[in-house]
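Common to both upcoming complexes is chain A, partnered first by chain B, then by chain C.
Then we have the complex of A and B:
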């Protein structure tokens, strides 16, 4: 172990002099996380996005009442702020004053049109300066309309089959009340359901784990540099176990990774107000993440022929895993095949582990994700160890 | 009788279908400089790699200072100092840091390490530049440091793999002088080269290696006599050189003598011993001598004789 530590110490000195590890390990992720936060933060995560809506119900039918009830429920849950207006002019005035982002206008006769199986409209009027909030309001209305339309189709089909007219009594006999479609329409608090990180923490953690793989690569590919500059022969001729050379490189990679992550956790907490969660849980996740990065980049070093080749291959793998792992965008909540594939990366588990930690969860909440990350570390680390030993034995 | 520091027996190494080293055996005693002379690709570096434990040996054995060398063991390695053919130093460490790092790998520490590093820096003439990064050194300085690292832990066997390749004449001479000093100090040296003059200058014994096989081994004189090569004497003279050549040809020990425009070319077994008789023979025939040159057969000629090709082929 002494020889491995001496090799790691020598490499650490070289890397500090090199300064590139400082740039890739600390400065780049810090700067990028800040830039991403500024550019994408509120839009990507909803944090800081105001949803201040108004509603004008000129219809006052069963259907319009159910729609406003859903909006009021969302307001009660703190998802949005809702102001009820008696007439459109008041809502428009409030919109002009910037007091609300958008308002829903339910015109008179909407309920009758729906029961008559005719087209009906809910107007959404938004502030030009709040396009996202307006778009979300429009989505609410469309979602509601979609449910109503489904019910209309079902009622119309039943009327044709039975040869009866569509009357409130007939609809009641079917149990297919369009108003119930509105009641089934509800807001989902995504933040609570999937435990997403807030914007600053998301980008800080994403960039930290993304660049971690580049940082760790500095340590692991040192073996190839030793080979190229001829010093590997000297190391192997010395009275030290060959495994010390591999272990020394792994120790350096681990140290670089942990230091880089630790600095980023502290810096983003102080500068970006990132909320990483319970320190012990974060430490567990960081250590597991660093070990997995060492394993994966060790595997890259074991198959590459030159330091440049390892650098290129490592960069490709780091970018692909970073993208797939959701370090730039929360892929896990996007649905589809990517939402499943993302868990084939340690990045996704790292982000999930942080989300599970939240701001007030115990550190043990990070353990399942850390265990998953350790599977990556053990598999890739074991494989790279075998391949590198075989390489040194040739 | 001096102690055997290195004994290599029947070394064999193949890479796929290529047999790089085929049954190489030799030994080196304390204070002896042993040369492996051969062209590029002859098997010198492969042999050295097996001696140092860098390469697994297909068959045969290497014993250094009483310990068998294996890739799987560290036994015996502390007795070896390796100076690889290519520079093996860290460009972003200073000369002193390079030495100290490798010293620690050989178990040196504390004041002993510091003292030894200073000594080696003095020996290789880098004391003044010890705090500079080695990437700022000249090529010759880097070469000297490369050798210094091999010497640092005072090995009993120093292995130099073509240490003068790509070195300027001044640095080359300094390296050769260093090796001569080490040998005088009692260190066993294994020296590979494809420069015949280096082998002749440094080595007590030389093995001529080609295609992975030691073709012949011995002192320079033994090798020369082994292949029957003779000294060549060129006497520059004026007068009747044909008559002078005939007179020389009759001297015992002279194999051949021929006259050209201004020279008499003589082939003899021991030119230095015969020189007085040769000069007497030329002058007695009426010719006037203007110059004499003796060319003893060198290892280049031996190599050519043994392998049918030149060393630099």
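Then we have the complex of A and C:
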């Protein structure tokens, strides 16, 4: 064990002096998770999406003003930005200038048509370069239209039931607001109670575990570098057991992995307000995750012929597992084969374990996922130990 | 001609390495496919439903959601299974229909329906699809409750009337149009968006990865030896740049041809599309050269290259549509060449633009290329001739 630790210590000094591990192990995941959070965060949270709309009300009826009121309400809630235009020419030129993404045009006569039960439309005119914002604008209008339809149906039903015609007098005689007909149901959003990672934690954790495999690789490929430089033969000639040489490299890889993950957990908690969950549970997951990375990268090193070969194969494995494991975007939701394949990666289990931990679950919630990750670690680690031992014997 | 020879050697070296074949040719296509599957229209996202009781109203809701083409409905026995399915991400949203919906509705009370959605991906959009479908089912119910309260007629009877009336009500239509000679969104294929983003991302990534080959060339002293032959500095620099440029261009053309052949991606005007690629490859070559002449450790350059390539791609809109960026973020995005290239592709694909329409974007891209290549040439001259 002493020899193994000395080998690990020597390699550690080597790696610290060469700043590559710092770049790939800490700076890369930190910078990327910050950028991803900046770019994808608004979409994931539904807040801070840039929706700049205009509205032109040529109708000025009760119905059209209730629509503008809905939009103004959404603007007050910070969901969108709204500019009111007197005529559609103004809105159109503002759209051309790129000041707004889309505008709603309520043509005159809309209110009358609705009361007369005749066809009427709200026009949504969008910027060709803002297809997504335009779609969202259209869904605002559709939602409003469905609310109006519900009032229309309510009034018509009441009229038929009481054997009367729908006239302004009849509408005036109604005791309740027809808009209340839309209140026959409501959604209870229970999403908050589910165990899902929020955007900042998702990106922080995803990038951390993605780059973990690159970080760990620095430790493992050291063996191949020694082989090429000829220092491995000298190590073999010294009174050091083969197991110590292999363990030394594995210990180094483990230390690099754990240190980089620990730094990332603390840094993203402070900088990105990531919420990793119960510290003990996170530690268990991190240790299991690092061990699985050491095992998988050890396997790569044991089949590669040169350090470059190991680096390249390792990169392929790390990228494929990372993508498949859903560290960039959640893979399971695409359904089908991919949704099942994702669980063949330790990455997916790592993310799952963190989601199980949530913000207030006890640390033991991470144990099933950690156990699954340990299966990867033991199988690949055991296999690579056998292969590397055989290789050193030659 | 020596420039071409140096460039050709670089391309050959690149493709002799088998792992590069994976990253240059296999990986991008796999990713286009994956993203197409993930966000495209051909594969409907899943919605899990639990019915606490199979009464009339809840059956109607399930039926309406089943009829919705944009989602794939799955009815589960246990409400916890629905929650787990959303948490695991096997479905994008879950609907929990309470027991006694009929009774609640006929008593004139509000029916409370549980809704869970993914906090990432397309959860938000799916929720609004579900909301619209359920609102349609509940529309006659609301009308019946209204009529019941107004007239005192029983719920059953009111509902029967409301069901009949709801068909004759003329709802407000929503007509969507776009400015200019717009051809979106119907002609935008499932893979169109993904393909141009992937092209921009990968061309740049490959070009930056080329920096490590340049470092190796310098480390092995090949650059110095080339300089000791009657080869002017400018030829070496041009040749090395051509190598990076060539690899990026080959990859870009490959992605274009294959996406057209397999996924029928529409790239718009072919000349314009290729010109954007040429400009982008030149920018990438410049960035790769600058990286390769600034760093002296190929592992460091590789790490910085990955961060730059992925980070700039995310910032530049190659991972998330630019039009959803806030105006500040859009300005920041246009610091990256990615955003300009994507704008140019959008012009070609969405507006049916021609080469003339994308001249401004092409100009900006070539300016990037010139600046980066000049900087790289200067740096390379310094590091090669340094004693």
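Some notes on this structure:
The working rule: the second predicted complex is superposed on the first by the 241 of 394 C-alpha atoms of A that agree within 3 Å, B and C clash if a C-alpha of one lies under 4 Å from a C-alpha of the other, contacts with A are read in each partner's own complex, and residues count from 1 in each chain.
Criterion: a contact is a pair of C-beta atoms (placed from the backbone, for glycine too) under 8 Å apart; a residue touches a chain by one contact, two chains touch by 3 or more.
Quick caveat, the model's predicted, so the values are computed rather than measured.
In the superposed model, A:6 makes contact with chain B only, not with chain C. By the touch criterion stated above, A:202 is placed in contact with chain C alone, chain B being left untouched.
Of the two partners, chain B and chain C, it is C that touches more residues of chain A. When the two complexes are overlaid on their common chain A, residue A:393 makes contact with chain B while staying clear of chain C. After overlaying the two complexes on the shared chain, residue contacts for A:237 are found with chain B alone; chain C is out of touch. Shared-chain residue A:18: touches chain B and chain C both. In the superposition on chain A, A:312 makes contact with chain C only, while chain B stays out of contact range. Look at A:229: by the touch rule set out above, it reaches chain B but stays clear of chain C.
Residues 18 of chain A contact both chain B in one complex and chain C in the other. Looking at the complex, you find that chain A touches chain B at residues 3, 6, 10, 13-14, 17-18, 229-231, 233-242, 393.
Within the complex formed with chain A, the residues of chain C that make contact are 17-20, 22-23, 27, 31, 34, 37-38, 43, 45-46, 72, 83, 86-92, 96, 105, 110-124, 128, 131-132, 134-136, 138-147, 149-151, 153, 157-158, 161-162, 164-166, 168-180, 182, 184-185, 188, 297, 299-300, 302-304, 306-307, 310-311, 314-315, 319-321, 323-327, 329-330, 343, 346, 350-351. Here chain A touches chain C in the complex through residues 18-20, 23-24, 27-28, 31-32, 35-36, 38-40, 42-46, 48-50, 52, 92, 95-96, 101, 110, 113-114, 117-135, 138-139, 141-146, 148-150, 152-158, 160-162, 174-176, 178, 180-191, 194-199, 202, 214, 218, 309, 311-313, 315-316, 319, 323, 326, 329-336, 338-339, 352, 355, going by the rule given at the top. Residues 49, 52-54, 56, 71, 74, 77-78, 80, 82, 84, 86-93, 97, 101-102, 104-107, 149 of chain B touch chain A in their complex.
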